[in-house]
Amino acid sequence: MTSYVPNTKETTKHMMDVVGIKDAEELFKSIPSELRLGGDICIDDGKSEIEVRNTIHKIASTNKKYGSCFLGAGVYNHYIPSVVSEIASTQEFLTAYTPYQAEISQGVLQAIFEYQTYICNLTGMEASNASVYDGATALAEACMMSITNSKKKVLVSKGVNPEYIKVLNTWCKYAGLEMELVELDNYKTDVNDMKNKLNSEIASVVLQNPNFYGTLEDMDSVDQVIHSNKSLFISVVNPISLALLKSPVEYNADIAVGEGQPLGNPMASGGPYLGFMAATKKLTRKLPGRIVGQTEDIDGKRGFVLTLQAREQHIRREKASSNICSNQALNALTAAVYLGAMGESGLRQVACKSMENAYHLKDKLSKVDGVEVYQEDIFNEFVATFKCSNDELEEKLKENDILGGLYLGDNKYLFATTELNTQDDIERLVTIIKEVL
Amino acid sequence: MYNELIFEKSIEGANKRNLFNCEKSIVPEKYARKTSLNLPDVAEVDLVRHYQELARKSHGVSNGFYPLGSCTMKYNPVINEEMASICEFTNIHPLQSEEDIQGSLEVMFKLKEVLCEVTGMDDMTLQPSAGAHGELTSLMMIKQFHESNNNAHKNIVFVPDSAHGTNPASAAMVGYDVVEIPSTVDGFVDVEKLCELADENTAALMLTNPNTLGIFEKDIVEIADIIHKVGGKLYYDGANMNAIMGIVRPGDMGFDVMHLNLHKTFSTPHGGGGPGSGPVGCTKELAPYLPNPQVRKQGDKYVLDISEDSIGKVKSFYGNFLVNLRAYTYILSLGGCGLKDASVNAVLNANYMKARLKDHYMMQSEGYCMHEFVMSASKIKEDTGVSALDIAKSMLDAKIHPPTMYFPLIVKEALMIEPTETESLKTLDYACDVLIESAKNAYEDAENLHNAPITMPVRRLDEVTAARKPILKYVKKV
Amino acid sequence: MSTPKNLKYTKEHDWLEDLGNDTYKFGITDYAQNALGDIVYVELPDVEDEISAGDTVATVESVKAVSEIVMPFDCTIVEVNEELEDEPEKVNASCYESWIAIIKIDNLEETMTAEEYEKSL
């Protein structure tokens, strides 16, 4: 059994003497005896570190990790520089608590301040918070920000990630809010349908760019429509794509949110990830969660501190607009280190290559007999429609160590590429699909 | 160069990371970005030094004692980190098929099982990312339960006045009216008042046990009875679970639904503010409402199951998997005996500190505490003007992270101390010596304490200007 | 600071100045600004907002606390003091001059005089 308890027989005896007890049991006298657990917790005995390693590695070996990945749908297999994982595992960053005691936490606070700056620079927004749980909850929180006494409904394009829509649906249901979906036309938001659904009850309209299916949306054209309805424009964005695509500020979005996983964080079987949220100056004080601000100490030295805390739950309690307490600090730090390691050139290279690979694959696949691709302008993802269903495909791909696209039903697959896909990978994928069809 | 932001260290062309010779964008003009990214350009050596400097200006459990009440800052075992970096876990996409992720599903299933055993709950979800997230999830489940049973009129949630702010905030997010239950002078829930207020509109009572003063609510069985009699549900805030593992279980106390903080009780690191994990456990009755999907075992395969009555999803995918994996590693390492041993020592260590400090600070409860205790510096403040804040800041100079200050709200000049079990007697004595010294200094040299800290990278910061004129990002001076 | 005699007071520590035609200027008293400490932000209502009795009309924040200003009567917002957006500290410095909003009250109920208010503290 492993134990992290430094107390020994002697030190325990000494402490009990000081407390004035003979047995640790006396400390639990106040607990009604009928509630006490009779005996030990019914789980396996503790293991040594050697046994723990063996056990966990054995479990890990039943997971299948692929050499080539063409699966995206909101989570992407991007290059993670060695320096990122190294810095993110620094003990001080790993084991520190929330930086409420600013004087001893200037490192963590500055790291988050820099992260906030990065997010503002990528999105063009005035202010960012210190992150929330993930892209889905970031969207839910952004929608909550937009709600007023007279506007309790949000319009969401079907181009938004379905996982996000599910989470937003749960949030709205229990907060007594309404959500309506806007239809797509060839995997792009149907602006006419959006116009028809706009009315004075709509607090905000949500579009994703690139959208879940990889299509580049006309964010400019919806800006006017949404704002003339006096609703807020919320855009869900892929941070890597912002190296090349119009940033939310350029199409007058009010709030920009998204999933920060592509920035140096591994796919990790689903988490932890990080949700980023950035807003205009006007909406800054409505941002939920922690925010780090710059200030000076009594000697006039620059320092950083958690600020605008009067918005938060520990002060507002039931009047807080959100109950959120934590941020995803370590993941945010990871994202910041990634952006520092990559720089503008590196990020552009990643975005360009991811996009180039997608067009390359799209081209090749659309030339395969029995495959149709209907989208034109995409980022790093697209839908391929096959002439018939294929159970063999996944098996064949697996044999070749390739993780294929996401099956959307109806003979459709969502393929994604990143800078890590080689030309070889792409050739092999296309060949196998050709064979199987 | 030192104390500069990464943006201030930027030199054009310094970053030589060349991955592919590909920077030509093929984005059509109408979609293309026209503004600059303003990312810093630094060489890798300077990036590494930058973050080393930031690490030096940070303080983790790995640096020193961290007696933050209610946060359970116990040692974060390194073996957990090693397991969380296994590439068969990190390089897995959450949307891979069930056959592909049997390993991850096994971890989730087994963790669920052991946590149910530890807490006395029947079922559990690992989806919520944090304690507050778990609270929200629990309240959504309670709301759905009542609605499904034609009790939608139940719109009141009781919260003790000593509760953490996330409790009422979570209840309000789900549309409940929050009613505060007063505490008695000893810090217990006023059971009489609760009995008076509980009626057919009661949806739930949110409680933590031990309470935020660190003492066990001995009337818990009666409290559970009162709430259940009016058809309400009893919710357990698991923040203080480190006091009771192997001793008593929330399920046995009568709680219907609860959340755990894996980043507190189960040793996963705090990361400077996250990521955490806030699993929600519940009785059989509430299990159908747990978030989708749930991990189940069919024969010797693990599968993902969808419940029609589920509240839906509260986060994308399955939760903070790598955090959950760390907690699983911890539980495997300690086993049942080890978990109980952790709680017993956590309680002993807290009582030891309480005994050593009781002549210097006002203790908020008589008798033994559980894993934490609250003391007040209000007499010191009255006599000398030195506040709990001043005392806390003086600890920084001794390289000890201060305890939780000014919480719970019902205690003036509160300092909440939770040593945890992973501290030696030497450390506890050192911390007590520092606190006793500060209390003495308050009477001899108050000015010194008002000026603390003096050895940190910065001195006391102007929080007023930071809130009045917020500067939330770096802007290059033109 | 003495309590100005020409103003009316509520038990929620608001002051009201009668401007005629059922309109009033309001702000918070010295007791309230002192209890809050350094004020960092004032969340003003929107012009034309209709506030019911007992609802929050504005919020005043300090670093570690927040105070909701509740109107004990129904009212409509006529004008807000936009100066406070950039200089919330004016409320600390001169709380009886730094009005928060001008409101129209149809049914002014019980208020206190300066003496009555001072006694109640």
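Labels for the chains are A, B and C, by order of writing; each one numbers its residues from 1.
Keep in mind that, in the parts below, a residue touches a chain if its C-beta (ideal position, glycine included) is under 8 Å from a C-beta of that chain, and two chains touch if they have at least 3 such contacts.
Here the structure is a predicted model, which means the values were calculated and not measured.
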item	value
Chain separated most widely from subunit B, comparing mean CA positions	C
Chain pair with the higher count of C-beta pairs in contact (A-C, B-C)	A-C
Approximate Å spacing (C-alpha centroids) for the pair subunit A, subunit B	20
Computed distance of Cα centres, subunit C from subunit B, in Å	38
Inter-centroid spacing, subunit C versus subunit A (mean Cα positions, whole Å)	42
Multi-chain contact sites of subunit B, meaning residues that touch two or more partners	463, 467
Subunit A, residues touching no fewer than two other chains	309-310, 315-316, 319
Contacts with 2+ other chains: residues of subunit C	40-41, 61, 63-64
Complex contact set, residues of subunit C against subunit B	38, 40-41, 61, 63-64, 88-89
Parts of subunit A lying in touch with subunit C, wherever the complex brings them together	285, 309-310, 315-316, 319
In the complex, subunit B residues that touch subunit C	406, 463-464, 467-468
Partner subunit A, residues of subunit C touching it in the complex	40-41, 43, 61-66, 68
